[in-house]
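Here the chain labels run A, B, C and D in written order, and each chain numbers its own residues starting at 1.
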Amino acid sequence: MSTERITLAHGAGGESMRRLIRELFREAFGSPELQPLADAALLELDSRQAAFTTDSYTVKPIFFPGGNIGKLCIAGTVNDLSVMGARPVCLSFSCIIEEGLPLAVLEQIVQSAAEEARGAGVSIVTGDTKVVARGECDEIFITTSGIGVRPFGKGLSTDGIKAGDAILINGFIGDHGISVLAARGNLSMQVKAESDCAPLNGLIESILTESAGVKWMRDATRGGLAAVLSELAEDTPCGIMIDESSVPVRESVQAVCELLGFDPLHIANEGKVVMVVENAEAEKILTVMKRDPLGAHAVCIGEVTEDSTGIVRLKTPVGTVRRLHRPAGELLPRIC
Amino acid sequence: MSTERITLAHGAGGESMRRLIRELFREAFGSPELQPLADAALLELDSRQAAFTTDSYTVKPIFFPGGNIGKLCIAGTVNDLSVMGARPVCLSFSCIIEEGLPLAVLEQIVQSAAEEARGAGVSIVTGDTKVVARGECDEIFITTSGIGVRPFGKGLSTDGIKAGDAILINGFIGDHGISVLAARGNLSMQVKAESDCAPLNGLIESILTESAGVKWMRDATRGGLAAVLSELAEDTPCGIMIDESSVPVRESVQAVCELLGFDPLHIANEGKVVMVVENAEAEKILTVMKRDPLGAHAVCIGEVTEDSTGIVRLKTPVGTVRRLHRPAGELLPRIC
Amino acid sequence: MNVFDQWRNAAVAKPLAESIRSIAGERPIRIMEVCGGHTAAIYRFALQRMLPGTIQFLHGPGCPVCVTGTDFIDRAIAIARAEKTTVASFGDLIRVPGSTLSLAEARAAGSSVEVFYSAMDALEWAVHHPDRTVVFLAIGFETTACTIAAALSEAVRRQVKNFRILSAMKTMPGALHALLSDSRTNVDALILPGHVCSVIGSQPFEFIAHELRIPCVVSGFEPLDILESVRMLSCQLVEHRCEVEIQYRRAVKPSGNVAAQQIMEQMFEPVDMTWRGLGSIPASGLGVRREYSAWDAASLAGKTAPSKEPPGCRCGDVLRGSIRPEECSLFRKACTPDRPRGACMVSSEGACAAVYQFAGAEDEH
Amino acid sequence: MNVFDQWRNAAVAKPLAESIRSIAGERPIRIMEVCGGHTAAIYRFALQRMLPGTIQFLHGPGCPVCVTGTDFIDRAIAIARAEKTTVASFGDLIRVPGSTLSLAEARAAGSSVEVFYSAMDALEWAVHHPDRTVVFLAIGFETTACTIAAALSEAVRRQVKNFRILSAMKTMPGALHALLSDSRTNVDALILPGHVCSVIGSQPFEFIAHELRIPCVVSGFEPLDILESVRMLSCQLVEHRCEVEIQYRRAVKPSGNVAAQQIMEQMFEPVDMTWRGLGSIPASGLGVRREYSAWDAASLAGKTAPSKEPPGCRCGDVLRGSIRPEECSLFRKACTPDRPRGACMVSSEGACAAVYQFAGAEDEH
């Protein structure tokens, strides 16, 4: 088994594919709804209010410090639902595999995805497998979609945001993008960076359960913290002021960024949520965050302001203020 | 615009990508739930009973007689929901694009998908776009997921199937697989075949509304009619007997199959549903099917039998009976 | 109603089967068909079931993929490993197990293997990839060989120097001579390969009727063709005639297709050839003529380790008609079309694949 | 608390800015920085806002990508079109518009363009792709040139024959001589490029202080480095001194890095070089030495049509410090980092990109 490779027959709908599905996917994902040979999974949702999301993962390399494409695709989709105030319930898992991928590699990816889903308490209920000829894709691409139900967060929107609200983040930024970049092996330096890739639904659910002070949140993926904040500012009648010195950045990540001319605020994360919260609740929410290992380094990084409507301002470490824009141009391809 | 090509910047999360999403995807899909820059779409479903499905489309070539990958991915996902007795409500649309794809090609694909979704009465509510470097995928892959609600078909399962039930199909088989094969341009003959790719939700909803006689159904995609029937037989305590002479196959499709040693029963369809129905309702259901252009050639192709439990038998045109197996080995790669 | 219905018609088939039954009576008749197309049709239309148990079909060495030896696969894989070399193959062949890998597995592991439906397509591909040496795996009988000859002739005319042929092409008459002369072979009548005869005619098979005293009929591939041929063979046997009759008149003339024969003769010459199951048979293959050796890939094939047959595989016995596929202990267990161990399980024309796919309505699950 | 905090500290920065204010008084001071790293840092930390309006930063020709001419891009694209040729480039460069396409667009249209972080990586890639000619686009100042020299030296040692260099490498001292001697240039003081000086030392810039009578400070790249350098320049001006002082003592010695200088001298020789905005400057570039011409890609570059600058683009004026980026009519309208029209909008070290990305907290939306 260990030297076997994926061939086109594994995607051709015949016995090889049935065996792959039965022995690998169903075994690993093993949820009662998963009938891989049915056309769709049948669900009984807790609520008619749902959230629905999808993402394709093409990260290169497929294994990187802190994770792999299997872990990433689960965490990413769980987070996309969670930040909308929904409780992730079930996921789909569809992969496009390049002929020749060692079966052992696929197994490892599928196991990671399964573990991650179990850890996050979500079920993988439906899926698909396509195999394309060598050279027609790059190892493996995975697309996950997810359904969440919305017991919390009815009021989550930019509407209630007002001057004085605090802006929180649950820890260090830039780890994912830089760890993937370093894993490509073409930086001439050693980089100590591990992807922060993790499902945040537990953290977010705790916060929403313990405090009604959360007004809005997003995970800071492609485009980094800067993109999320820019989007937020454009969507409110207020401004945003960030204190750069308070934004947690690991020294190793900062060093790579300085060398390559990147701004850590532009680098992708896969386990970071930005929250706008009522000022009076900020301390309490930070306390809840810090109880969770995924929020151990949570801090307040700024606040919503009356002035400078629609823009994000950044107080630099030397005390000056400049505007923070979303990244423009191509930064790093295939980090997610 | 017309000579422009997709570059990595279109997938990098910056302004190029925002413009692509705004000017192409949102413009084409234009559903109220579609907030391409939000992480997930928020939905209000009609029922808590839902169906959920996903499929990745890698068909090659991406344009073929009767359709293209954009039309195909919508029809395929709509059909996967419909055959489970669910009414397709909303879809996700996630694409992985090869750098260098002409923007005009992407536009055409997205327009096809949008039209098809509109025609089928489903909304595309969430999506994702990734761009990979030239040579890292083959033009474009699309993954669609779909949510359906289940107002009908509570009883749809193999449980109620019994000897005497009729097996119906809504028209000619093999058109999709052969049309895609022919579109590759490496058959030395001219083939007149058009993909049957079409969303069947309208047809199926009419039938379920007008008759309670439908017991089970599937669309006959990868593996063709033979795969669907084998699966059915394995899942019932009955047998299946098919009359090969009554299975509609176009002469052009048959001719290609004879030449290449394929069995039309093994060739993929993208607009064909196989139904097991109560015998007494068969005529009525055929009448309903035939009212719909997608069911104009609907016929009864066989019946459920008491004997030969778990297997599919085929009465050949010369009057002999043989077993029908699902296809084994790799038939045609990348037809879907 | 389509064009195929005229040859697939129960209203005609049933009386025909009755007539065979009454002609043959209780007489046991062992009929060998030597074209994979016939084998496939016999199973696909379950023709055996229309006939008395006394009439049996034996499957001969007529599936081009099946008779190709393991050594040829090994050589093709060795060639595919070379830099800037692409092996061009018919689809089925890439799934035939070699000594350690199939070409499909070699491709999955990184070798360049492309699938084509014709040699001419492979030639065009070579023209569009001038930086690669394209080695076309030429297998098949006269039917295919004449199309390969046409492609080679075109390559020579256009001086396409990066296109080469690795030949395992085979000719039917010599092989049948060897097989039918073997005392272990027990055949009462022969269904001759219709497509091969459409190229070389029925005359090259006359020796079977006259020297070996076995009745022959050149048959078409539709079920009514085959039943009609069985009827004709039964008549010959009952009447103690030994002739080569042509049932497949809509495609076959006794002299065949002269233009096709000429192009084959122009490009190829007879060579000794190894057949899976039959071993080496003198002058039973076609090689590229010496004057076109620049297009011959035989010189490219480096040394490969001695070929090993898959343990337990009895394809050789199947191809000689000495056992039926079901009698091989790997059949449907270790060996399936999805994971074939032997060549006869690969092609849709292989006897094992045909039995796997079509047999067993009453007898198995 | 990380290592960067010591140089990014408001508690130190504020008194330092105060001290500059009191030293300079009302005196207008125009300071040019000629390293893109300084430009980026000035905007990123909004240093202008700490200083009196009388102190102004002018941005010189110090961004390696920006000073690379359109003709070089055109030649690189022409090379990339050749068969079996891969152009190896630093990341930013591929987004610089050429006369009709950028390298990124050429890649999207099918040319082979690979991005590397160092010449050594490109060399390794060439070793692993022996069937391709790999042309490394050598741009940059002495800082980068010495690493390229090391890679070239390695290629020569290992006789990697499919690795070649297309050089647009530039040297700072000659260019500064040309720029500062130009009567249109109006500069009171100079922040010298810290990284370049870490390689060639501060001595090659002494002529600026002594001949051209412009005070110079070699500065580091952290905000406190730059503020400190501004203070040192203000002192020189107030005290009427013209010296080359070194603020960046943790990295720069007056004599520089001798080993790095040696390897550059060994592999490269001075050539005339075209600078965007400055035109051709004698002996201001580095070419591959004649004895290594087998590794020089200059001969590969076929003829290209005369290069055309993007209509309306004023990168040349920006690079000479004659206008600020905001004064270009394309800025932030037709020209953005996402769809750059001019080179200065591409690199994070380009003045236009820096202004686009960092400027405008109070003044724009």
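Keep in mind that, in the parts below, a contact is a pair of C-beta atoms (placed from the backbone, for glycine too) under 8 Å apart; a residue touches a chain by one contact, two chains touch by 3 or more.
Computed from a prediction, not measured in an experiment: that's the story for all the values here.
Comparing the centres of all chains, each the average of its CA atoms, the largest separation from chain A belongs to C. Between the interfaces A-C and B-C, more contacting C-beta pairs are found at B-C.
Distance from the chain A centre to the chain C centre is 56 Å, each centre being the mean of its Cα atoms. Chain B and chain C have Cα centroids lying 36 Å from one another. With each centre defined as the average position of its C-alpha atoms, the distance from chain C to chain D rounds to 69 Å.
Chain B has its Cα centroid 31 Å from the Cα centroid of chain A. Across the assembly, chain C contributes 104, 336-338 as residues in contact with two or more other chains. Of all residues in chain A, those touching 2 or more other chains are 7-9, 14-15, 133, 328-330, listed in ascending order.
For chain D in complex with chain B, the touching residues are 104-105, 107-110, 336-339. On the side of chain A, the complex with chain D involves touching residues 186-188, 245, 249-251, 254-255, 258, 260-263, 308, 310-311, 313-314, 316-323, 325, 328-330.
Of all residues in chain C, only 83-84, 131 touch chain D in the complex they form.
Across the complex, chain B meets chain A through its residues 7-9, 11-15, 37-58, 60, 79-81, 83-84, 86, 90, 92-96, 125-128, 130-133, 135-138, 141, 143, 145-148, 150, 218-219, 222-223, 227, 231, 268, 326-331, 333-334, 336. Partner chain B is touched in their complex by these residues of chain C: 2-5, 8-10, 13-14, 40, 43-47, 49-50, 95, 104, 116-118, 120-121, 223-224, 227, 336-338, 340, 346-349, 356-362, 364-365.
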